[in-house]
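Both complexes below contain chain A, partnered by chain B and then by chain C.
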Partner chain A sequence: MRIFVCVALLLAMAPLGLPLFAMTLLTEALILGLLAMSLDLMVGYTRLISFGHAAAYGLGAYASGYLLLHTSLPLPFAVLAASVLAGVVAIGVAWVCTLAKGVSFSMLTLAFAQLLYAVAFKWTSVTGASDGLAGIPRTAGPFGVTVFQTKNGYYYLVLVCLLGAYLFCRSLVGSPFGAVLRGIRENEAKTLSLGYNTRLYKIAVVAVSFALGGLAGALYSPFAGFANTELVFWLFSGQVLIMVIVGGQGTLIGPILGAAFFMLLEHVLSQYTESWALFFGLIFIGFVMFAPQGIWGLLTRRARA
Partner chain B sequence: MDLLSFLLVQCLNALSQAALLFFLGVGLTLIFGIMRIVNFAHGTFYMLGAFLGYSAVRLTGSFWAGLVLGPLVAGGIGAAFEMGLLRRLYKRDDSAFLMVTFGLTLVLGEIIRLVWGVDALQVQVPDSLSGIVFLLDEPFPVYRLFLVAAGAIVAVGIWQFLERTRLGLLIRATSQNAEMVHALGVDVNLVRSGIFGIGCGLAALGGVLAAPLLSASLGMAGNAIIDAFVIVIIGGMGSFPGSLLAAILVAFVQVFGTYYFPDFAMAAMYLLMLLVLVVRPGGLLGKEA
Partner chain C sequence: MALLELDGLTKRYGGVTAVNDVTMRVEAGEVRAVIGPNGAGKTSLFHLITGVVTATSGDVRFDGRVLSGLSSYQRCQAGLSRTFQLTSLFPEMTARENCRVAAQARLPRRWQPWGGASVFGEASKRGDEALERLGLSAVAGRPAGLLSHGDQRLLEVAMALSQKPRVLLLDEPTQGLSVEETLTAVETLAGLFAGGGLTVLLVEHDMEVVFRLASKITVMHRGSVIADDVPSVVKDDAAVQAAYLGGYA
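And then the complex of A and B:
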């Protein structure tokens, strides 16, 4: 807990010491961190390998973008509404996807994400088709609060969301609910025979994960000012999964680090070479082969040794 | 154009499309059925095939050379990848394969971009197949007929290979009980490398054959991998006849969907897949999941 407070304070002071472009990078890293952490609930704690988490992000991004463009809803409420929407949609998605197990589950989540991609591509009146939604404003907050319209103010909004979501996830995985999730991860048949309706638990964790992933997406579109189909594309789902694995699954902190690492690496590599994806793929393969516990696993093992 | 000739032409279109989808799906389902590996890089091997086909045609001037060289080279790369990396992961859970092959997708895709550049490359239909035939007075390209025939030949070939040859027997045995096969003195690792290579080679064969229709481009892999997954899931993971059935089903949905509901064609395939999975979670001809 002490470390958590220290990191939170450090992040809160970041705008004082960092130049503006670094703040932009950091904000995006935190948003992606929130997304990766939400996926970790499924991947790391329940062994539900979702290959369609971009769906949650895209839903949130489009929904908040649409609300901000077409209604006068204050920004925080639009973001919240988008997050709730993603969670509600997830209940339906999870109901179907949990019919299958293992690899079939992964493929089903991929299919859903692609279905959503197809919808985003064709539903011109709402999603703007291949152009996407552009010029999404950061409207003034409720009660005349305008702080979210500035870059640093928005950073604080993102930071508060991430810290809140982290504390929420941590208490969730520490609760009896989280214990059941780990039971499903280790041995679903056994958990079922102990009298837990594992399917309901899985649907619940997908809904929570999507709501938080949707929150990340909802924060992204006003930050970037646009939402396009790339946010729902399967490649992005794969990238989020990479962040979780490289960071360290089942740790909550790890995926956030993974997201930051991903952002930083992409930023640095793309300055030196056009082929950053090549090195990225190699680094990723290296992690899967030699360090399946991820960055956080390496760090904590070093600390314990 | 009357209804009969319209239907004939559309059905043949769908069948030629099905042939391409079958090449894509069958390799993936073979690899999954025997090795329990979800090969995310499958679409990239398909794309590699298209580019290799382009180069082979450029170098030798013969489309047929590309048809042989493309799958051979891609299959070799696939087998080498299995020997170098995948083999070390057999003791880990399934997701490790998914992720390593995703990494391979990034690496291989980037290498292809570095070697062949970003532009789409046109591959000529060979002269002997470039004509048009008239079916019930409707013009139809010979090349698409050729695709239907090629698909049928390969399907029968794989089926006979699996059912009639000793290697096919070993492959089926390995898929049922690898440890027992190993105990009987068979080098299971070699069988696995071979299967991975053959699966990737089949994807590349599909890529070479698709190149004259679609031209070789960097966007191919993404579409291909999704199509391949859809086919394998609808047909049932690991089921060879299932992949054939699913390829035909998906192709008909794509061709007729594009004609009647152009706005929903993209979604139709996924809806079909969801429908199949809700009714039969293991796929049409697969074992229950």
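And then the complex of A and C:
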């Protein structure tokens, strides 16, 4: 907990010391961190491998973008509404996907995400098709709060969301509900025979995961000012999964670090080569082979030794 | 009224009748063993009772309530806790955590998505009690996957026991154990059953285990019940001897 407060304070003071472009990068890293952390609930804690988590992000991004463009809803409410929407949609998706297990489950999540991708491409009146939604405004908050309209103000909104989501997830995985998730991860058949309706638990965790992933997407589109089909594309789903695995699955913190690492590396490598993804792929393979516990695993092992 | 009643229970897979018109009454407090040669339908019967497969015809009644249509987790919630023929545990959790998760399943706030100190406290209490009764307290802190095979078999019984079941269903509790391990396991189980208060249905093919533990025995052969009585009578039953020794004697 002490470490958590230290990191939170450090992040809160970041705008005082960092130049504006670095703050932009940091804001995006935190948003991606939130997305990766939300996926960790499924992948790391329940062993539900989703190949379609971009669906959560895209749902949130398009929903908040649409609300901000076409209604006068204050920004925090639009973001919240988009997050709730993603969670509610996830209940239906999870109901279908949990009919299958293992690889079939993963394939169904991928299929659903691709379905959403196709919808985003075709539903011109709502999603703007291949142009996407552009010029998404950061509207003033309720009661005349305008602080989110500035870059640093928006950073604080993102930071509060991430820290809040982290504390929420931490409490969730440590609760009786979390203990059942761990049971499902290790031995689903046994968990079922012990009297747990495992499917219901899985649907619940997918809904929570999607709501938080949707929150990340909902924060992204007003930050970037646009939402396009790339946010729902399968490639992005794969990248988020890589962030979780490279960061260290089943740790919540790890995936946040993984997301930051991914962004930083993309930023640095792309200055030297266009095929930065190739090098990132090699790094990913290295992690899977030599450090399956990920970045966070390496850090904590060093600390314990 | 018997606690667990099977009425004309039948399961067909295509042309094969795995369980054929089985009727059986298990009274509260008895230790009932279902025995029979390989392929007699013991495990299929077990699956029918626990809801893993659905019956072609016939009923399972538990405490007067028909269980048809209830899935396996609902039957467990009704009070039927089981173990598996092939050990099924949470290998990365400690023995204590295994029992805690098992006990948690029977608490009303098992799903609570926050805090949970009181839920965990009560579940741990029940789990530790069960570990103690099976003589596993010494290894409670070890990951279940690292326990000896004998201890793993007993841990599964402890998990079922920590749910305070009304009927404890054991699927070949000594499966795959060495001679010495079997002896230890059987003595531990005998001590547990001697304490009374438990209703047990166990499937087993090891005769020595059965005669040591069971107060009543049901013998199955090719899907049907051919004998159903106290051990001393079953031992001398001509049909049973024929089923077990037929073709060899």
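The rule we apply is simple: the second predicted complex is superposed on the first by the 305 of 305 C-alpha atoms of A that agree within 3 Å, B and C clash if a C-alpha of one lies under 4 Å from a C-alpha of the other, contacts with A are read in each partner's own complex, and residues count from 1 in each chain.
We take it that a contact is a pair of C-beta atoms (placed from the backbone, for glycine too) under 8 Å apart; a residue touches a chain by one contact, two chains touch by 3 or more.
Given the structure is predicted, the values throughout are model-derived calculations rather than measurements.
Visitor: Once the structures are superposed on A, label A:A12 by its partner contacts, choosing first (chain B), second (chain C), both or neither.
Guide: Once the two structures are laid over each other on A, A:A12 reaches no partner at all.
Visitor: Applying the touch criterion given at the start, work out whether A:K190 contacts chain B, chain C, both or neither, answering first, second, both or neither.
Guide: In the superposition, A:K190 contacts chain C only.
Visitor: Counting residues of chain A touched by each partner, does chain B or chain C come out ahead?
Guide: So, of the two partners, B touches more residues of chain A.
Visitor: Is A:Y201 in contact with chain B, with chain C, with both, or with neither (first, second, both, neither)?
Guide: second
Visitor: Pick one for A:A129: touches chain B only (first), chain C only (second), both, or neither.
Guide: Neither: A:A129 stays clear of chain B and chain C.
Visitor: Residues of chain A that sit at the chain B interface in one complex and at the chain C interface in the other, please.
Guide: none
Visitor: In their shared complex, at which residues does chain A touch chain C?
Guide: Touch list, chain A to chain C: 171-172, 174-180, 182-183, 186-187, 189-198, 201, 204.
Visitor: Spell out the residues on chain A that touch chain B in their complex, using ranges where they run on.
Guide: 49, 51, 96, 99-104, 106-108, 110-112, 114-115, 118-119, 121-122, 233-235, 238, 241-242, 245, 275, 277-278, 280-282, 284-285, 288-289, 292
Visitor: What residues on chain C touch chain A, complex-wise?
Guide: On the chain C side, the touching residues are 50, 72-74, 76-77, 81-82, 84, 88-93, 100-102, 104-107, 109-116, 119-120, 123, 159, 163.
Visitor: Quick one: in the complex, what on chain B touches chain A?
Guide: The contact residues of chain B facing chain A are 32, 38, 40, 85, 88-89, 92, 94-96, 98-100, 102-107, 109-111, 113-114, 222, 225-226, 229-230, 232-233, 237, 263-264, 266-267, 270-271, 273-274, 277-278, 281-282, 289.
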